[in-house]
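Each structure below appears as structure tokens.
The two complexes that follow have subunit A in common; it is paired with subunit B in the first and with subunit C in the second.
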Partner chain A sequence: MYFSDVGSIALILALGFAVYTVVVAVLGATRGIAPLVTSAKRSALTVTFFLLVAASALIISFLIHDFGVSYVQQESNLAMPWYFTLSAFYGGQEGSLLYWALMLSIFSAVFIFTSKRAPQALLPYVMATLMSVEVFFLIMLAIVSNPFVRLPVAPPDGRGLNPLLMDPGMLVHPPMLLMGYMSFSLPFAFAVAALITGKLNSDWLRSIRRWMLVAWSIQTTGLLLGAWWAYHVLGWGGYWGWDPVENAALLPWLTATAFLHSTMVQERRGMLKVWNLGLVIASFALSIFGTFEVRSGIISSVHSFAYSAVGPYFLTFLAIIVVFSIVLFLYRLPRLRPEQEFDSVISREGAFLFNNLLLVGVAFATFWGTIFPILSEAVRRQTMTVGPPFYNHVNGPLFVLLVLAMGVGPLLAWRRTSSRALWRNLLVPAIAAAACAIILPLAGISNVWANIAFAACSFTAGAIIYEFWRGMRVRHSHGESYFLAFNMLLARYRRRYGGYLVHLGLVLLAVGVIGSNFFQVERDAVLKPGQSLNVAGYQLTFLGNIAYTTPGMDAVNSQLQIWQDGRLLRYIYPGRQFYQNFDNQPTSQISITTFGLTDVYVFLADWQGATSATIRVFINPLTPLVWLGGLLMLAGGIICWWPERRRLRIPVKETYAEGAALANKGNGDHSVGVEVGPSGEGTLVVARVGDWSEENKNIVSKAPLSHRQDTGATEEPTA
Partner chain B sequence: MKQKRSLFLVLALVALIGAIWSFMILNTARRGANQTLDQRVQDVASQLKCPICQGESVADSPSQLAQEMRGVIRQQLQSGRSEQQVVQYFVDRYGQQIVWSPPWQGFTLLAWLVPIALLLGGAVLLFIVLRDWYTAPRVGTNDDDADLAGIDEAQLQRYRAQIEEELAGSDPIFAPRRMEAN
Partner chain C sequence: MQPALIVPEEVSSRPRKRLPWSFLIAGIAILGAVAYLVYANTQANAVYYMTVSELKSCTSLACTTQSVRVAGVVQAGTIVRNDQTQTVHFVITQGVQALPVVYSGIVPDIFRPGIEVVVEGHYSGHGAFQALTLLTKCPSKFQAAPNS
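After this line comes the complex of A and B, so read on.
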């Protein structure tokens, strides 16, 4: 008995329990039998357990180099260091699918453990949906793509991992991205549960929002790591090439971002329910599409490493999801009416709608560009390519508008904004934009498109920083130091100021993208020892090549000096590596040196012996801002998500009493309640007595009631 | 008066930015093809897909073929051919799929038009929806008013004032005057 046999058995058992969970959860919910729901919970946890067993079996097979297992033989060999042997777990398709299934089961377990706070009526359906997705992956793992298949004879050594993947970035990028795709299942499960039960109340909204934020943060991390990996490994001086696989990862991110914004409209104003559900479902469908695209090999890409027969299965699954969601939708449509009406276009709701239009527009254009070659091939038998110039032309302007909307949106109030306040609030950002537009040409930057993009960025940065400044000043006037005030803003209004941090991060990232897009300088040359290459003020002097061999790998590195203004800045060693069994696939060791905000990116393209090298140099201005901005976005996302340990009680005082008295007068069929959002922002609710907590349908009026701590709010720890 | 002042200031700034941009656009158009040969080679190369790579352009790819193609582009540009002519040269030899962006003609025009049309359609739809929502609330408000009919008007007024005040207290946007006093 091998460890791989244990893995196979664990997979089958997990499949059995997953099917059981789906059946029992649905039965328990429809018949109202509580013990069945409890049984479903335990059985879902059992699925997690067996998947952990299966994953451990695969890891052990890798670590003891059990080459009798076909997957281990394919993806690893004896010469690989232990960390790459571990990362070979998700280096191929079977392992990726197992990883997907494992992560889904772990997230399901986390959901079950934290489900006390989730709306109970939805719980069985959420579990059933999650486990249905799990069943699909387990069927794939058990039948089509089993990582535990054994070879008749165990070879002495394995083939080894694809050399492109033998990179530290590989240790973290693919698992993050796969986990990102997976994590859209939770919001999807909540959407399905809400559609089945017809309960879309504020509890539901809170749960789905938090899970969507988790998914968004993971996907953001995955995208950033992917860009980082491409920048450090692929050797073309860039980090984002609108490659089909990159696009596929961006698509659910875009729809999730749209959802996180439009959901605020639903939260505050009870509108856009249909739209929001659509976005959740689209995000999940797109993440399955992404997995399908990477795995099916229908589109060639730098990022896809495995082609196989799972494509049709994924396509079928995708079709089932889409049809199922549409049917549910049509069935529930009558209960998804908006609760309130729109007051004015110039309001935060209006800004959110505009933002949604742009995000969905970008998502659609990207999706369209990705699948258009397939359409063209199918319809006209005409092969064609859709590449970066297309996306830059279509999406570039949309992104500029998006950045602008990010600046204007927060300046608008909910419902309607007085024009007086609007113009005054616009003043500071407009000054920032004008200053940028004037300074850039004076500094010798004559590209008008870059100027427009930079001006949009400084407009938005100005708006966000001004927002922070105003908040800090209000707190400062109550006796807090500015530093404390800043921290308190982030601590007290996590969602609002966390969101601003995300926006600021995106603006920084945009500045980095604009810089590297418009001002990248590229040069290549064949150099002999002592010869130099001058690029954008930097002088690179070639000294010679060094060749060396380590077990499993041959490598060549060039030695170069970077000079600037007659000063020697640094020695660099760009190189190439040849891994055993992959001689025709050399990987590159790219030298990236950051001076201030400029990257000097040196790639060894070719070499002859010890005394000649062809090097390509890219000067990438502002590129480090891409990573900085990305980190800031993540930090902001985490701040938004971070749970409040204490819940604030609204300073009700007379307002509440008066509201209640008011309600009582109205024939006694109104009740007044106060909802406290997770960020301490409250909503005063006047509702007709009845099922007001059930569905907010009967709410007569609802006003945001955000408050400051210094208005005398009493704090009490949440039970 | 103050309101007018910020309005005029913002408008003036927008006009200033617009003026700078139009000046820059005119200026670039006048100077025309003032690019260096390197930039032009890069421009052409980034429009072409490297035929033997997976998803990399001729400008980006480190492969031998791409390197040679960059050499060909440089030669042809030096000999006085235009960018379009060089691109056409490669299209004639490798077929249409060597160009990254779909041409603005025939079937592939759809690649460009569909996203643009959908975006415009979305904007129009948004406008219509917003207008509907904008006109509809009269009905909703009437409903609310009917529900609140039994309530003393003065009390209601006081209650509303209180909400406004608390809003103003918490959100700087609602309290413009006080902010300026600071």
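After this line comes the complex of A and C, so read on.
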């Protein structure tokens, strides 16, 4: 008995328990039998256990080099270091599907363990949906794409991992992206549960929003790592090429971003319910589309993918998801009426709607471009493709508008904003934008589009920084230092100021994208020792080539100097590596040196002996901001998600009859409780239901319980 | 204890009204802009993607006036490099059809006889295909195609 046999058996058992979970959870919910729901929970945890066993079996097969397993033979060999051998786990299709299924089961387990705070009526349906998705993946793993298939005779050595994947980026990028795709299952499960039960209350909204934030953060990380990998490994000087595979990963991110914004309109005003559910379902469907597209070979990409048998299965699954969701939607439409109406377009909800249309517009354009070859083939019998210029020209202007909306939105009040307040709030960012629009052309930047885009970025950056400043100033006037005030803003109003950090990160990223898009300089040269290449103020002097050999790999590196203004800045060694078994597919060691905000990107294209090198140099201004902005976005996302300290909550009717009576006067959507500050003083708080323990913007009124002055009520810096 | 104050927000008996005009206009403006951008840029940037035989047998004017993408396999023994001008001549084939290609610029890492490439550029109907970009199909991220 091999470890791979253990894995095969574990997969079958996991499949059995997953099917059992679906049946029992639905039965328990519809018949109202609590023990069945408990049984479903345990059974779902058993699925997690067996998938962990299966994954361990595959990992052990890799580590003991059991080349009798076809997948291990395909993806690894004896010369690979242990960490690449481990990462070969998800280097091929079978393993990546197993990884997907494993992560889904782990997330399901996390959901079950944290489900005490989730709405109980929805729980069985959430589990049933998650396990239905799991059943699909387990069927794929058991029948079509089994990683444990054995070869009749075990070869002495394996083929090895593709050299392009033998990069530290490979250790983290694919698992992140696959996990990102997978994590859209949880919001989807919540959406299905809500549609089935008809319970779309504020608890539900809170749960789905938090899980969507998790998915968003993971997908953001995956996209950033993918861009980082492309920039550092592929050698074409850029980080984003609008390849169908990249687009597929971007699509659910866009719809998830739209959801995270429009959900606030539902939370505050009870509107956009249909739209929000649509976005959740679209995010999940797009994540399955992404998983499918990569494996189906239906879209001819520069990457040629395996034409494997899984394509039709994925397409069927996708069709089932879409049809099932639409049917549920039509069934529940009467319950999804908005509770309130839109008042004015110059309002927070107006800005959110604007932002949503733009994000969905970008998603549509990207989807259109991605599937255009299929569309044109079907309609005009002629395959046509669109390249990066299409995406840049369509999405560029939309992103500029999005950046502007990001600056204006937070300055607007809910329902309607008086024009006086609006102008007062817009003054500082408008000055920032005007200053940018005047200074940059004077500094010699003549490109009109770049100037417009930079002005939009400085507008929004001005608006965000001004918001932070106003919040800090209010707290400072209560005796906090500015540093503490900054931290307290982030700690006390996580969603609001975390969101601002995400926005600020996106603005930085946008500045990086504009810089590298409009101002990249590219130069090729064949150099002999002592010869130099001048490009954008930098002088690169070639000294010679160095060749060396390590076990499993041959390498050549060129030695160059970077000079600027007569000063030697650095020695660099761009090179090429040839892996054993893949000697016709060299990989590049790209030299990227950052000076201030400019990357000097040197790629060794070719060489002749020790004394000639063909190099390609890119000067990428502002590109480091892409990574900096990305990190800031991620930090902001985590701050938004980070659980709040639980505050003391006192039942309304028993303790504060007076407050409850007051609350009932409003449409019944208010709750009453006591907020306990750090030093023990209490405040009677009347807040809208659903906003409890979130930022206290929604608090209708507050009254101090103690004689001490509570600063909490006056902290809110909104105008 | 101070009583908290709540002002009732709205009277629920107000009749439902439709979406305000301002929203409709703003929404239509955005959707119109997206639709226009997609349409105009599809018109401007769509490139024919064809095989060698499709290009050879193409009679429409578009094939010779527009930029075209062609996929094919690099034929062994046809690669001629000129290091001075950084141009490379080669022939791509697909089935029995062959197409000579001229390309100047840096050649991708894995360019060699027998691999599949995608060239984008202009073809006048005879002579060599003038390639502006040369893409090699990356070996699969996930696994080799069964026949490779």
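Just so it is clear, the second predicted complex is superposed on the first by the 639 of 719 C-alpha atoms of A that agree within 3 Å, B and C clash if a C-alpha of one lies under 4 Å from a C-alpha of the other, contacts with A are read in each partner's own complex, and residues count from 1 in each chain.
The working rule: a contact is a pair of C-beta atoms (placed from the backbone, for glycine too) under 8 Å apart; a residue touches a chain by one contact, two chains touch by 3 or more.
Being a predicted model, the structure only gives us computed values, none of them experimental.
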Who does A:383 touch here: subunit B (first), subunit C (second), both, or neither? both
Thinking of the overlay built on chain A, is A:397 touched by subunit B (first), by subunit C (second), by both, or by neither? second
I'd like to know which partner A:353 touches here: subunit B for first, subunit C for second, both or neither. both
Once the structures are superposed on A, label A:315 by its partner contacts, choosing first (subunit B), second (subunit C), both or neither. neither
Mind working out whether A:465 is in touch with subunit B, subunit C, both or neither, as first, second, both or neither? neither
After superposition on the shared chain, which partner residues are touched by A:473: those of subunit B (first), subunit C (second), both, or neither? first
Once the structures are superposed on A, label A:526 by its partner contacts, choosing first (subunit B), second (subunit C), both or neither. second
Broader residue contact with subunit A after superposition on the shared chain, subunit B or subunit C: B
If we overlay the two complexes on their shared chain A, which of subunit B and subunit C does A:437 touch? Say first, second, both or neither. first
In the superposed arrangement, which partner chain does A:413 touch: subunit B (first), subunit C (second), both, or neither? first
Overlap of the subunit B and subunit C interfaces on subunit A comprises residues 235, 300, 302, 340-345, 350, 353-354, 357, 361, 364-365, 368, 372, 376, 382-387, 389-390, 393-394, 398, 524, 588, 605-606, 614, 616, 658-659, 662, 665-667, 670, 684, 700-701, 703-705
Could you list, by residue number, the parts of subunit C that touch subunit A in their complex? 1-6, 8-10, 12, 16-17, 19-20, 22-23, 26-27, 30-31, 33-34, 37-38, 41-42, 44-50, 69, 71, 83, 86, 105-107, 109-110, 112, 116, 118, 120, 135-146
Per the touch rule above, subunit A residues touching subunit B in the complex are 234-238, 241, 243-244, 271, 300-302, 340-345, 350, 353-354, 357, 360-361, 364-365, 368-369, 372, 376, 379-380, 382-390, 393-394, 398, 411, 413, 417, 419-421, 423-427, 430-431, 433-434, 437-438, 441, 446-448, 451-452, 455, 470-471, 473-474, 477, 522-524, 588, 603, 605-606, 614, 616, 654-655, 658-659, 661-662, 665-667, 670, 684, 688, 700-701, 703-708, 711
Okay, in this complex, where on subunit A does subunit C touch? 74-75, 91-93, 96, 162, 164-165, 235, 245, 294-295, 300, 302-308, 340-345, 350, 353-354, 357-358, 361, 364-365, 368, 372-373, 376, 382-387, 389-390, 393-394, 397-398, 524, 526, 576, 584-588, 605-606, 614, 616, 658-659, 662-663, 665-667, 670, 672, 684, 686, 700-705
Hey, which residues of subunit B end up touching subunit A in the complex? 2-3, 6-7, 9-10, 13-14, 16-17, 20-21, 24-25, 27-28, 38, 42, 46-47, 49, 53-57, 59-62, 64, 67, 95-102, 107-108, 110-112, 114-116, 118-119, 122-123, 126, 130, 133-134, 136-137, 140, 144, 147-148, 150-152, 155-156, 158-159, 162-163, 166-167, 169-174, 176, 179, 182
